[in-house]
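You will see subunit A twice below: alongside subunit B first, and alongside subunit C after that.
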Partner chain A sequence: METYQFPGSAALFKRAAKVIPCGVYGHFSPAPCVPADAYPFFASRANGSRFWDVDGNEFIDYMCAYGPMILGYGNPVVDEAFRAQMNQADSCSLASPKMVELAEYLVNLIPIANWAFFAKNGADITNFAVMIARAATGRKKIIAIRGGYHGTSPWMQAPGHHGVTEEDQENIVRVPWNDIAALEAVFDRHPGDVAGFISTPYHHPVFADNEMPAEGYWQKVQALLRKHGAVFIIDDVRCGFRLHMGGSCEYFGFKPDLICFCKAIANGYPISALVGVEALKNTAAKVFHTGSYWFSAGPMAAALACLKELKRLDAPEILRAIGRKLNEGMVAIAKSHGYDLKVTGDPGMAYYRITDDPTLMLHQQWCAECTRRGAFFTSHHNWFVSTAHSDKDIQQTWDICDDAFKAIKS
Partner chain B sequence: METYQFPGSAALFKRAAKVIPCGVYGHFSPAPCVPADAYPFFASRANGSRFWDVDGNEFIDYMCAYGPMILGYGNPVVDEAFRAQMNQADSCSLASPKMVELAEYLVNLIPIANWAFFAKNGADITNFAVMIARAATGRKKIIAIRGGYHGTSPWMQAPGHHGVTEEDQENIVRVPWNDIAALEAVFDRHPGDVAGFISTPYHHPVFADNEMPAEGYWQKVQALLRKHGAVFIIDDVRCGFRLHMGGSCEYFGFKPDLICFCKAIANGYPISALVGVEALKNTAAKVFHTGSYWFSAGPMAAALACLKELKRLDAPEILRAIGRKLNEGMVAIAKSHGYDLKVTGDPGMAYYRITDDPTLMLHQQWCAECTRRGAFFTSHHNWFVSTAHSDKDIQQTWDICDDAFKAIKS
Partner chain C sequence: MNRELIRANLNLYAVMQNLEELPRLDPEIGELIKDWKIAIQFSVLNGPSAHVAFENGVCMHGRGAHPAPSVRLFFTSPRHLNRMIDGSGTPIPLKGFSKLSFLQKDFAQMTERLEHYLKPRNGLIQDEAFLRANTTMTLYTAAYGVRELATSDPLCQSIAAQTPQGTLLMGIQDGPQAHIRFGKDAVTVAKGPVEHPTAMMMFRDFAAANALLNMRSDAFTAVAKGELFLRGMLPIVDNVGLIMDRIQGYLL
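Take a look at the complex of A and B:
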């Protein structure tokens, strides 16, 4: 099987490193892509389930822009809705009727939602949710899951990260995932001072197997938070509309007070949304929160079209089916080469790990060999599929995966 | 002169209030638009210097989307660059070559800049600047101007705002604008613990006259910060590319370490940028900061086209000339009716206030009468002009202004 070369990416990265900190930063940083010469760094074109790098290499994309791309790049339904709105108005001095339509649609779609609020980043919305929890309760402490991720605002980062002060972290209390006793202990330690609890619907850290909620976990969390009058926040930025159209809480059978959506809400157009229960609407109205482009109408029209299309297709079921098929084949191919490939998390956004690989180097090497052959994987982040991933894509991915295992054995 | 009615806006706002906190929130909230029945709340279309509300009323727009619109709505040069990029790729699993091009362009354009970093909101960038200042110095305190605005993250909000804790504010020290002695006193009070200073290039609060830097102010600030090894951050989100293409610091003759850009950088497409000096590049690389859509290529292509077009036109000079002409006429018309209209700030983004009006009600009434006649003004925020504002627009605005003064006198 032919393997790709990336001279164009390497040259462009050299230029980037001169004028951009890290060259490429944040979750797009190629630093975890090891070995570096097995990965492309810049894309010039994308369509459906695929993108092309600056060297003209074609990839089946299993990162899906790290989540936003759920209907395939250049989805005609979403793109046409976006273009039609852009021909009328986007950023303007007044809000758009599309904002009202989108809020009404979300309130109908999401069982717990009585209202919706729009911003640009996931962090805009997790930040706002925490402020609402504090304003509603008059309390300060926020409970979060150890290893959880809710954006890069200083309070959300791991303690000790560069640029983060102790005061930023002072009101954050971390508990392990799936640990009701630890959660109860926080209420004992901070009586009457817990404003809220924030968590993803299941635990999807990087560099570690993903973990589903234990039987009854969410129902116990919900009861505990209600008992103590603390606000229940679900960060559905990564899972939202991939597990269930009504919010991932519906998939697991519980009712939070606030849900944070971003990523897949508009198939890549920049918008995030907080939805909430009626009891928090007046508080949400009091907390001042805004941004330069938050009223832009184009991404709102795209979100409306994307959500309708996801619902029409029953996308969560499609994604799970595609994911299951892909994953089962991958595990079988690994086994045929004598490797145990562990797959955790939701099938459509699974985390892969080759077991018996304590340094992770084998897994990294295998991901790199797959990428060199046209299946774009990163090593230590969950992957994503889209509704545009076809049987042909999967078959080609399996062939690549098979060849990559041969390569790492030799 | 005909005055507008807004039944469509009123009906839509009623629907909005049911499903969105405040109906319309943040800086777009119509709450300061008094009386409410004189203002449209929703726009359906925009072009050049004008927008049309959902009732079909046409307005000359003096808010310019609160700053982003600098070349006129639907500017063909910027829109074509955006569309061409969107036809290739936008949100993707890899960064775009456009990111490198844009960073290189900014580094060439902005004298102090050796690197650039891109995000979505102004607050993403002010937040990042503050984290860089702390990471670079190992210190905590940030000096900010009392009444200054740098976004709605909890540390940036005024103390006591809903959802803001004391810990959020603990490391923020506020000083009055144009007050070198107060700034010196902070260094005395917190020896060796001032990480940085953040300010807009001139003071443009809401509900108050805007204030230019006093003679020598910025040069003294710069010397003081250098002496104490504190990082000098300019929040150019509102003024950027309106005062000077090299950053507003060039207009006033000083050299900060970091400059925050947003709003006018891409004529309304969602992107913000932090640029900085070489000495802070490695620190910027260490501070982790990212967001779901920060690598989207469409807005980067739009920013590149917008900046080139602004430079080609020498937009800052055009905007000042349009602003001066508009403002001089407005003051003269006010005078002819016996009113003293005070105009402060940069001419192209001036703050207006009718003097001898302690309750502000006269000013509100006048803005409302102008808006009812097709010149869209808000009462207590600076206005903006764009390069698309024509002599015909200005003449029509003067006529409206004249008629509005007649209306408030009767």
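Take a look at the complex of A and C:
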């Protein structure tokens, strides 16, 4: 099978490194792509389930822009709604009627929601949610899951990261995932001072197997938070609308007070949303939080169209079916080569790991070989599929996986 | 643990171990020590202790007490040791009074040479031999410094506690290497390669390593440019990087 080269990406990166810190920063940084020379750094175009890099190499995309692309790149329904709104107005001096329409739609769609608030990125609304929790309770401490990710604000980062002070972290208490006893212990250690608890609906760290909630975990968490009067925040930025159209809490059977959505809400257009229960609406009104582009109407129109399309298709079921099919085939191919490919997390956004080498080096080598052959796999992060991933894509991916296993064995 | 004590630990355990490298990297120093047969003990009250021993043209550095030192140098506090390293303090000799002139002339020549390599003046880094020496010693200082800060700096202790267990191999391809092991209860470090590392942080050449270790480049860019190769459990690499970046704050 032909393998790709990336001279155009490498040349562009050299230019980028002169004028941009890190060349390409954040989660798009080439650093976790191992080895870096097996990966493209810049894309020139995208359509459906695929993108093309600046060297013209074509990839079946299993990162989906790290989650936003849920209906496929260039989805005509969403793009048309965006264009139509842009022809009317986008960033303007007044709020758009689309904002009201989108909020009404979310309130009807999400069972726990009585109101919605819009921003741009996940961190905008995880920050807002934490501020609401503190304002509503008059308390300081926020409990979060160790290894959980809620954006890059200083309070969200791990201790010791550059630009983060000890004071930024002093009111964040980390507990292990699925550990009710540890959660109870925090309330014992900080009586009357826990404002809220923030977590993803299941644990999806990087470089580690993803973990589903234990039987009854969420119900116990909910009861404990209610007992202590702490606000229950679900960070559904990555999972939102991939597990359940009513929010991932509906999939797992519990009721948080606040849910943070971003990524898949508008198929790539920049918008995030916080929805909440009636009891927190007045508090949310009092917390001042805004941004230059938070009222831009184009992404709101895109979100409305995207959510309607996801609901019409029953996208979560489609994504799970695509994921299950892909995963079952890949596991079988791995087994035929003598490898154990472990799949964890939801099938439509699973984390993969070849368990035969606990250092991940073998897994990194395999993901790199797949990427060189046209299936864009990262080795450190969960993947994503979209409703645009077809049977043809899956078959081609299986062929690539098979050839990549041959390559790493040779 | 106070700042002076952490700095003393770094000086005795991370910086001073480079005396082992000097005779190998600098022929003049190799010639200077070829006939030395002496062991020098450094002891700090309420602080670290270490020794350097010379024999057959080789320098050996070790933690703790030497079994039979020829010279004992005492420091009344970590600050006292740090002042000596900075050139503004003198140790209190407890044993080996007949070796005082050796300490003041010959051994001082060696320590001055160490400073010459570790704190390069402008332009020296352009010289290939100097680049190799500076990079080798900076690499080892970083590796041993990570162990010290992971053990004694409160923030680095918390970073180390969050680091996956395993061994990081760091170094230069076909060049000097060191490995840092994050165990259940301890962080250990040693020079040289290791079989089956959990993670690897390998520089393409001395120039790339020098730029990153001296903070003239960043790891993300170096990776993308093919100057730095990472493999395996990258959270170990990330956390070691965070700790390494704090070393200079103590030593500068």
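Everything below uses one rule, namely that the second predicted complex is superposed on the first by the 410 of 410 C-alpha atoms of A that agree within 3 Å, B and C clash if a C-alpha of one lies under 4 Å from a C-alpha of the other, contacts with A are read in each partner's own complex, and residues count from 1 in each chain.
One rule holds for everything that comes next: contacts are C-beta pairs under 8 Å (C-beta built on N, C-alpha and C of every residue); 3 or more make two chains touch, one makes a residue touch a chain.
Fair warning: this is a prediction, and the values are worked out from it, not measured in the lab.
In the superposed model, A:T359 makes contact with subunit C only, not with subunit B. After overlaying the two complexes on the shared chain, residue contacts for A:A36 are found with subunit C alone; subunit B is out of touch.
Of the two partner chains, subunit C is the only one touched by A:F207; subunit B is not. In the superposed model, A:Y25 lies in contact with both subunit B and subunit C.
Contacts of A:H162 after superposition: both subunit B and subunit C are touched. When the two complexes are overlaid on their common chain A, residue A:T387 makes contact with neither subunit B nor subunit C. Of the two partners subunit B and subunit C, more subunit A residues are in touch with B.
Within the superposed three-chain model, A:Y73 lies in touch with subunit B and out of touch with subunit C [touch as defined at top].
In the superposed pair of complexes, A:N121 makes contact with subunit B only, with no contact to subunit C. Shared contact residues on subunit A (touching subunit B in one structure, subunit C in the other): 21-22, 24-25, 41, 161-162. Interface of subunit C with subunit A (complex): residues 155-156, 158-159, 162, 164, 166, 196-200, 218-221, 223-226, 229-235, 239, 242-243, 245-246. Those residues of subunit B whose C-beta lies close enough to touch subunit A in the complex are 12, 15-16, 19-22, 24-28, 40-46, 51, 53-54, 61, 63-69, 73, 79, 86, 88-97, 99-100, 103-104, 106-107, 114-117, 120-124, 127, 130-132, 134-135, 140, 151-154, 157, 161-165, 167-168, 170-171, 237, 262-263, 268-270, 272, 281-296, 299, 376. Listed in rising order, the residues of subunit A touching subunit C in the complex are 10, 13-14, 17, 21-25, 29-32, 34-37, 41, 146, 158-162, 166, 206-207, 358-361, 364, 380.
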